[in-house]
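Both of the next two complexes hold chain A, though its partner changes from chain B to chain C.
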Partner chain A sequence: MNNSEKLVQSFVTALNIKAEQVTDSLTYNEISEWDSTAHMILIAELEDQFDIMLDTDDIIDMSSVAEAKKIMSKYDVSF
Partner chain B sequence: MTCHSNSNARTKAVLITGAAGGIGLALVSACLQHGWYVFANVRNQASWISLQSALEKQNADTNPHCQPLVYDVNEPEKVKDAFNEIRKSGKQLQGLVNNAGVMYDAALGMISLSEFTQQMTVNVTASFQHMQLAARLMTRQKSGSIVNISSVVALDGSAGQVAYSTSKASLLGMTKSAAKELANLNIRVNAVAPGFIETQLTERYTAEVRQKIIDKIEMKRSGRASEVAATIVHLLSSDSAYITGQCIRVDGMMTV
Partner chain C sequence: MQYRLSGYGVELRSVVESDIEMLRQWRNKDDIRSMMKSTSYITKEQQKAWFDGLEDATHVRHFLISYKEQGVGSATLTGTSFVSGFTDDLENAKEIETGLYIGHESYRNNILAFAPSLLTCDYCFDELQVERLVATVNSSNKQALSYNERLGYKKLSRFFTEVSEQTSSKEIKTSRQEWISFTLVRKDYIEATKQVRNLLSRNRSR
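The block that comes next holds the complex of A and B.
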């Protein structure tokens, strides 16, 4: 799996949604599946997939798929 | 940070902060006996050597299952590094005990703001950060138990301990709120409120002060660290699977 596929897989697993729904424009709380509990599960998935530990500020800022990509790049993950 | 070689047999782990203190040592020992792998937070290498020596006397066979995490709970980056080490260890963090704490006895008008702040930093802020990071790890397996060590003075108040009781009462609010947030992830959060327990925190009391306190305890004796540890182990274990958001007094029925 490349990094983009890993990212999509993390969202699919954590939010229990279809891969087609994981687009850059998808935002936190936009769909019922992406609530605060799912956000914690998403963070765990991303940390496991990319073997990183996110800063709390980055977790708070991760408000969309596009934003997630930006934040992940701070941890040397490119898309 | 040392990593023992014979550490693979136990996968379920507990992190105990302030592991070298009186309750900390009793708790490490009790957790090892329960069959958990223990990450023991200590402030420095000397504390680890002291803890290790005490464990060798009590648990010679289980000592390989205890790993030191040497850091000051007041340093957020070091705390984060410790959790990263736990994450990479392959162990499943099932329990956290926020046990590290400081206590300065002083009347309201006789305590400096810096002493107040230091107690809040160690007793509250550090516990908050540990709880935040532990919950993130526990989210992976959707189970876990967090125990915050409060005090009876948080519930009853205590003249001469305004700052200390403030910090310990904060832990109770934190416990109840986090318990509500994390319940649907099957992560339980509880508190224990010890009374007068024989530890380093209380050993400086004079015989007269000690007797005055014991007179206010219905069981007419001080508590043992092992008795507090037993309650914490119960809250960490699946024996208390349906208990969350609670504070349990371990005080021999004490009136403060």
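The block that comes next holds the complex of A and C.
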């Protein structure tokens, strides 16, 4: 899997949604599946998939798929 | 007296006069105002009078929530006796009512709201040593209902209020609002929030 596929897979697993729903514009709380519990699972999935450790500000700021890509790039993950 | 709390990536400090216009703008937003017990529009004069009245108040503390050195919302702690309905001095209160909203548009739909709640819960349970926290939520505010349950709050009761709002110079609209009362004890808070507390207490690495 490339990084984009890994990112989509992380959202699919954590939020229990379809891959087609994972678009840049998808935001936290926009769908019922992306609530606070799913957000915590998502963080764990991303950290596992990309072998990184996100800091608190990044966990808070990760409020959309687009924002997730931006944050991941700070950890040298390119899309 | 000025109070300052810090943790989970946010800072809470006592509201000062230069904050009150920003707070008023947030509080008057339709979607925030409509979820308050008092839904009326707050004028500048009313806001100033409210702030002036806080000087000697010992039963309540109003905080400005800051994230990355930017004001993002409001948190309020009120000492209250559940049985009598009278307010208590915060330092001696057995029970405190919590109130919170995020006003900054960039953070309205964000996990950030958990941070000031965790900070105030820690402060109330560990420093003020209260027995329980209480919160009252409008029953139509599904997000806040779910949010309180994620913090470990348990539903206690429900009640109704009549809200009157002047919709034009001649018309006053009255509606019936349903409210849910929640209560939170330290044990339930610690159990319910273990994971989110861990996530939001990581150090800043950059």
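Before moving on, here are some points about what is shown:
Please note the rule applied: the second predicted complex is superposed on the first by the 79 of 79 C-alpha atoms of A that agree within 3 Å, B and C clash if a C-alpha of one lies under 4 Å from a C-alpha of the other, contacts with A are read in each partner's own complex, and residues count from 1 in each chain.
Everything that follows uses one rule, which is that a residue touches a chain if its C-beta (ideal position, glycine included) is under 8 Å from a C-beta of that chain, and two chains touch if they have at least 3 such contacts.
The shown structure was predicted, so the numbers you read here are calculated from the model rather than taken from an experiment.
In the superposed model, A:Ile31 makes contact with neither chain B nor chain C.
Touched residues of chain A were counted for both chain B and chain C, and C has more of them.
When the shared chain is aligned, no partner comes close enough to touch A:Ala19: not chain B, not chain C.
Residue contacts after overlaying the shared chain place A:Asp48 against chain B, while chain C stays out of touching range.
Of the two partner chains placed by the overlay, only chain C lies in contact with A:Lys74; chain B stays clear of it. In the superposed model, A:Thr56 lies in contact with both chain B and chain C. Within the superposed three-chain model, A:Ala66 lies out of touch with both chain B and chain C [touch as defined at top]. Touched by chain B in one complex and by chain C in the other are residues 36-37, 40, 43, 53, 55-56 of chain A. Across the complex, chain A is touched by residues 8-9, 67-68, 109-112, 114-115, 143, 146-147, 150, 195-196, 199-206 of chain C. By the touch rule above, chain A contacts chain B in their complex via residues 36-37, 40-41, 43-44, 47-48, 53, 55-56.
By the touch criterion given at the top, residues 80, 83-84, 87, 132, 135-137, 139-140, 181, 184-185 of chain B touch chain A in their complex. Contacts from chain A toward chain C in the complex involve residues 27-30, 35-37, 39-40, 43, 53-57, 59-60, 63, 74.
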